[in-house]
Amino acid sequence: MSGYRLSVGGRINRAAPLSFTFDGKAYQGLEGDSLASALLASGVMLFGRSFKYHRPRGILGMGSEEPNALMTVERGPARMTPNLRAPSVALHAGLAAKSQNRFPTLRRDLTAVNDTLSAFFPAGFYNKTFMWPRAAWESVYEPIIRRLAGLGDSPTTRDPDHYGATYAHCDVLVVGAGPAGIAAAVEAAATGGRVILIDEQEEPGGGALADPAQWADLAASLAALNAADNVQILSRTTAIGHYHQNFVVAVERLTDHLAPTDAKGAREKLWRIRAGRVVLAQGAIERPLVFDGNDIPGVMLASAARTAALRYGVAVGRSVIVMAVHDSGWRDALALMAAGVTVSTIIDLRQDVAAELVDAARGAGIAVHLGCAVTSARGRLGISSITYAPGGTVDERAIACDALLMAGGWTPTVHLWSHAKGTLRWDGAWGAYLPDTTHEVMTCVGGCGGAWDYGSGLALGTLPSAKPLHKRKGFVDFQNDVKARDIGLAVQEGFRSIEHIKRYTTNGMATDQGKTSNLNGLQIASDVLSRPVTEIGLTTFRPPYTPQTFGALLGHHKEALFQPLRKTAIDDWARDHGAVYENVAQWRRARYFPRGAEDMDAAVLRECLAVRDSVGMFDASTLGKIEVVGPDAAEFLNRLYTNPWKSLAPGRCRYGLLLREEGFIMDDGVAGRMAPDRFHVTTTTGGAARVLNMMEDYLQTEWSDLDVWLTSATEQWAVIAVQGPKARDVIAGLVSGIDLSREAFPHMAVREGHICGVPTRLFRVSFTGELGFEVNVPAQHGRMVWEAIHAAGQPYDITPYGTEAMHVLRAEKGFIIIGQDTDGTITPEDAGMAWAIGQKKPDFVGKRSLARPDLVAQGRKQLVGLLTEDGTHVLEEGAQIVADPDQPVPMTMIGHVTSAYLSPALGRSIALALVADGRARMGETLYVPMPGGVIRAVVTGPVFYDAEGSRLDA
Amino acid sequence: MLEIAPMKLSAADLALPAEALVADGVQLALADDYARFSLRARDAAILEGLLGRKLPAKIGETLDGVACLGPDEWLALLPAGTALPLGEGLPVSVTDISSRALGFVVEGPRAVELITSGCPLDVAKFPIGRGTRTVFETVEIVVWRTAEARFHIEVWRSFAPWLWHALAAAA
Amino acid sequence: MKRFSGFNLIGEAFRSHQGWPEHWPDKAPKPAYDAIIVGAGGHGLGAAYYLASKYGITNVAVIEKGWLGGGNTGRNTTIIRSNYLYDESAHLYDHAVKLWDGLSQELNYNIMYSKRGVLMLAHNVHDVQSFKRHIHANRLNGVDNEWLTAEECKAYCPPLDISPNARHPVLGGALQRRGGTARHDSVAWGYARAASALGVDIIQNCAVTGIRRGADGAAEGVETERGFIASKKIGVSAAGSTSVVMAMAGLQFPLESYPLQALVSEPVKPIFPCVVMSNTVHAYMSQSDKGELVIGAGTDQYISYSQRGAFHIIEHTLAAICEIFPIFTRMRMMRTWGGIVDVTPDRSPILAKTPVPGLYVNCGWGTGGFKATPGAADLLAYTIAHDAPHRINAPYALDRFRNGRLIDEAAAAAVAH
Amino acid sequence: MLLIHCPYCEEDRPEVEFANGGQAHIARPADPSAYSDPQWEEFLYIRRNPRGRHHERWRHVHGCGRFFNAVRDTVSDRFETTYKAGEPAR
């Protein structure tokens, strides 16, 4: 035996040694090892420190139930992962692991004083103290608690790895590729349906991997499954949750088992699987036993020692003792002996153990003590001896050892069953909860279904002891340092529900989520409360089954793919011309086009003046567009919008206002009547989807008698606004088939024709107050037409402008922006838009609500203009307005500034504001208290420029 | 303070490439131009009469370049330049949406796998000729199986770069 | 009640903590009480506590169908802030924040209120305008809230990515320094223990199954799994189950109950010093004293009482978290869970008398009522004791849905957590 | 993610293709102006929100586009049935 590596056996490749480091020290393992087995083979017993008391800890289990051996694994710069379970980390060449939660070193951890002081830190201690002096909680106590808590360190850099995702469908999904799962998969495969078999471990086999007698069968079944083209086997894949209707989510680890240089492609992959039938074959997890010192390194589950020896060829010790309350401990002991591991003693609490087991053990030279229990384990950084006594007595005897194996019975892994709201029933013989009923098409087979003969398992939390509970030091939740007596304390303090006990003690709340502690905690609570476990219930299993990286769980949506960024057909041109963008809803829009060193204010000033004096062009493509078609199109819009539509002649457009049924403004936009039965309706950029959904809702569910259909046309049309006194001159040469003259094509008209040889819907509308056109062309021609207009506009120094100038220009005209000058609580009357309401219409969406008492009450906020006394001062948008600036805080606010700009046309600042009873306050001076002083402003009408609209009609 | 390097590629950088993407077992390319129409009617016969062609009767079925997307909705993908009568006055809606979407062609033995990476439907079970509206993650698409190992995907223009790169990442 | 203090803790350590009594004795229901609270969440337990401590009504029972604190109080992301826009909301939530301060001492129970600051990120021009509006309104209301530039946000919360090429770049943020977190369970336990010490009966595992009304229509008591319990004053504080309880009194409410999920990562050493919220990206997060990242996810779209939610909600939440905190993609999610949140049409609570005399209601806190716990509790107690609302909760009556005087923070601020 | 049977598509489709439309069978009155304030309040805001059997609307928004109705148990989240808009409540 070299180190603790057995000379024969195991599924490791003895010809392939791998070097790795742990806490900087070099070690060697073998291909096929896990980090845990390789360290065990090198004689390492101390793997980590516990969460709260920093107690030295070794390996407890060799699977994903492991609570103790958490490590940080470094795979090169920026590839650090904390809190990995050593038994679940496949060894590869160059692996660098680090212990956690210790200072300065694992062996000499100064923070382990917590353990010495543990009497002062029982469950819930923080609720009882740190309250005085009051300020000290945040300045002193909390920072200290926080520093001591936490396990490993968080990564601190952007992750260079990427992650994949997929959906998958199958007729049968089998979770767990132990003997039961493999058998289920073989059976399902024979029916010809699609089968997916997943297992979290490095290779399929489950418990059979630690039982060489099953290897031949295992290999044969796997070969058959691999050969079947309707079966997909996913190893290193953990089913993390069972969601509604057999939607099972799993994560496959693709590269972490490889040396970094061999790792190609995605690190992990998310599987979102919809299965016709789910077969759960998750197996069962062995239960530790609770006695003093049960957490000392070297005390572990019998199944872990078995796995170490038979799967990895590693002895966990040279003189091993087994403490069993279950037959499987005997079988493991015998298997260990056969594999060359010396088991000196078996201690079993039961008096009657099957004669064949006892005889076999004695025959193998193992001392047997029946009716006895381990009363303590001793040792500091590793176990050196134990004491045991006949159950519940003080008649202790000591035995030296370097490993103690606990065979406490088995807990079926019913996690996914429970996620899906499957019910459980207590099985007295198993001493565990077993699956009972479910409304999913789902079954549990093998260990997790309670299939084997585990009938000899004793249901118990702690081993019998002569000491009272509050003096005992046995651990229940190893990672969170929950002792049996903490559970006793919780009950003593009145926490009787198992949910309270969990939260008060934190039992089951660690990264292993109670895989080894829940049932013991439950048994202890049951004992303390003198109530049967069935009355106590179980805490809730929740996804994920084991912790999973955020990177895998976020699917496709990482970095550049987080969310689509929508760009218009003209966006590239804007980028090439130096546009500065802003995000609006899902789109990005050019905000302004700086020239040279211009800042935003300078650029906007120039852009605005160009529109007022000559001509500007603006990409309005993001506006929502809906084609409303059918004989009842006008009737439909009439019922929906506040305005009247039936009278609108083809070829004309109208500004429409849309309310929510509650009467508040939801959206607006211009709609053009293209034909008697066809409207081109526009919406705000952000409102497009919302409005279309609302329209469909009313159309389909309230007015399904109407013959009208809605088609989203937002992306069909690129829209170029050409605005300014020279607008007509610019496009005149490009347009064909449309008479652009003032008479033939008045303001608020729409025409179809061609521009630059492509079809256009040309609107004569203006959001700037100047003569203007909105050129709609099929999006694929947007860029070409934009450039043509830009070229045709050169004689007039045509100026591309962005959203910011658009906002200023419209504010000068007192046009509102939905969502800026209104906020979801504003009625048309509030916004000064009563004119947009068809007074003769009997109904439209929202009309009834407008008659509600509060919507007609005095004192509502109304949209007005505000002019600061100092015209150079631009108010801040969102600033609050008061009538009396001298009141103490809290002040009575009567409104707020919704829009504020330096108006290039007026050469002074302007603002729009919502002010209580604003229209009755014309000429009144109001106050805007700012941190730097109070600003005075006078209430005016909201239209600052060309109130008569003469420029529109140029 | 933690320094966090900016992303190498950002959402704003995503663009449609000029060339097809050829990966192991699958190829992704932009489809040719089409004339696209949204066809709507309560009564398919009226549309059929207007257009002079048969329409697929069942949701999910396709016929001669037309897919039935809903009980009163068809999507027509016709040769570029095709014009259709608008049926003014009839209880129908014929709307030209040629420019609204772009088409992708996903082809090869891994085509199903690629689409299934973000589309929650059981695409493998689509018969040839099946077309339906669905999603790829959060983006609405139309998936149309045009051959055993070839699919046509329709996606609105501004979502196309995202979709392209999402597919490319999965390829 | 044995006082909690460092001194007593040390004393107890020497006798293995054998001397700590029950936090709250388990009580069998008496036939009648002066007031009954339905629902032992933080709000209900707090109301009982304030009825006894402030308003002189000690013959009170809190009736809980499960275990106390097991509702949304025990499953929320514990964000506390009061920088709401409208006067009505600012006054309500700030009333609570003032009570949070000093609550540990008042209850003699460390509820771990930690004013580590709540930073709300602005990602576009609209966010900036909206946040500025909040900041100005808060200032004039005496509520702290300040604007930080992107760089200042980064300095306040170093894991934040402020690269300009992010999909939703950070343009700045609104910081409420008095905002923060408190330990969810401790809040329920602290109130329960203090209320119990004042004589309040806490009755768990006892679902209310009916509300009995007299001939005059007024409330007379509740039917429960353990029989009828009389009381002329009944306060219902049943959060997600309010519609169900109200239906027992023949009332239908403007409420819908949705699943809302949250999750925690594995614990790591301190890395995240404050609370960050981003409404635009839909992410919010803090780090608990144990070291887990505590992350709030979204609601499902359908109503449900199942306390579970869909995976795609988690997917989107983690995508959002990693968009603003890309260093966390290698962190691992340890547990997810769901609560049932009752949402009103304007997403503001209802804290009021009901059409049934003697029946009072506190509900509709949706995704954001933990922060209000002491305030809501106090105001519910006040309303019950005086049979009239306090000035602060008067606007939160049912009639606003009739007359249209909604308090719609969401309309102004997108989401309200 | 729920699996929802669309009565128009006549197949089970994933929830992400659907949008929930709230309580079903609340008809907008033909003449809202005839409604009193309490009646209007009820139409706008009052919802059953039951624990158990619930009638609700869904729209197969990323599929056939249709609104339809469903009966679902809000405790188990299981669908009992789905049926086309306009059909009587089941």
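Letters are used for the chains, namely A, B, C and D, taken in the order the chains are written, and counting of residues starts over at 1 for each.
Just so we're on the same page, contacts are C-beta pairs under 8 Å (C-beta built on N, C-alpha and C of every residue); 3 or more make two chains touch, one makes a residue touch a chain.
Small disclaimer: the values here were computed from a predicted structure and weren't measured.
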B-D or B-C - the one linked by more C-beta pairs in contact: B-D
Centroid spacing, where centroids are CA-atom means, of chain B and chain C in whole angstrom: 46
Mean-CA-position distance for chain D and chain A (Å): 28
Residue numbers of chain D (touch at least two other chains): 1-2, 14, 16, 19, 37, 44, 65-66, 76-77
Interface hub residues of chain C, defined as touching at least two other chains: 159, 161, 167, 306, 308, 310-311, 326-327, 345, 402-403
Residues of chain B whose C-beta touches two or more other chains: 2, 4-5, 7, 10-13, 73, 120-121, 138
Arrangement of touching chains [line / ring / star / complete / other]: complete
Residues of chain A touching chain B in the complex: 156-158, 162, 164-169, 272, 274, 555-557, 559-569, 581, 586-588, 627, 629-631, 675-678, 707-709, 711-718, 778-781
Touch list for chain C against partner chain A, complex: 4-6, 8-10, 13-14, 16-18, 20-26, 66-70, 74, 87, 90-91, 102, 104-105, 108-116, 123-126, 129-137, 139-142, 159, 161, 167-168, 185-186, 189-190, 204-205, 265-271, 287, 289-291, 306, 308, 310-311, 314-316, 318-323, 326-337, 345, 400, 402-406, 408, 410-412
Residues of chain A touching chain D in the complex: 243-245, 247, 272, 274, 421, 439, 661-662, 693, 696-698, 700-702, 704, 842-843, 847-849, 851-853
For the chain D and chain C complex, residues of the former touching the latter: 1-2, 15-16, 19-20, 22-23, 37-38, 41-42, 44-51, 54, 56, 72, 74-77
Residue numbers on chain C that touch chain D, as the complex places them: 241, 243-244, 247, 252-257, 301-306, 308, 310-312, 342, 345, 401-403
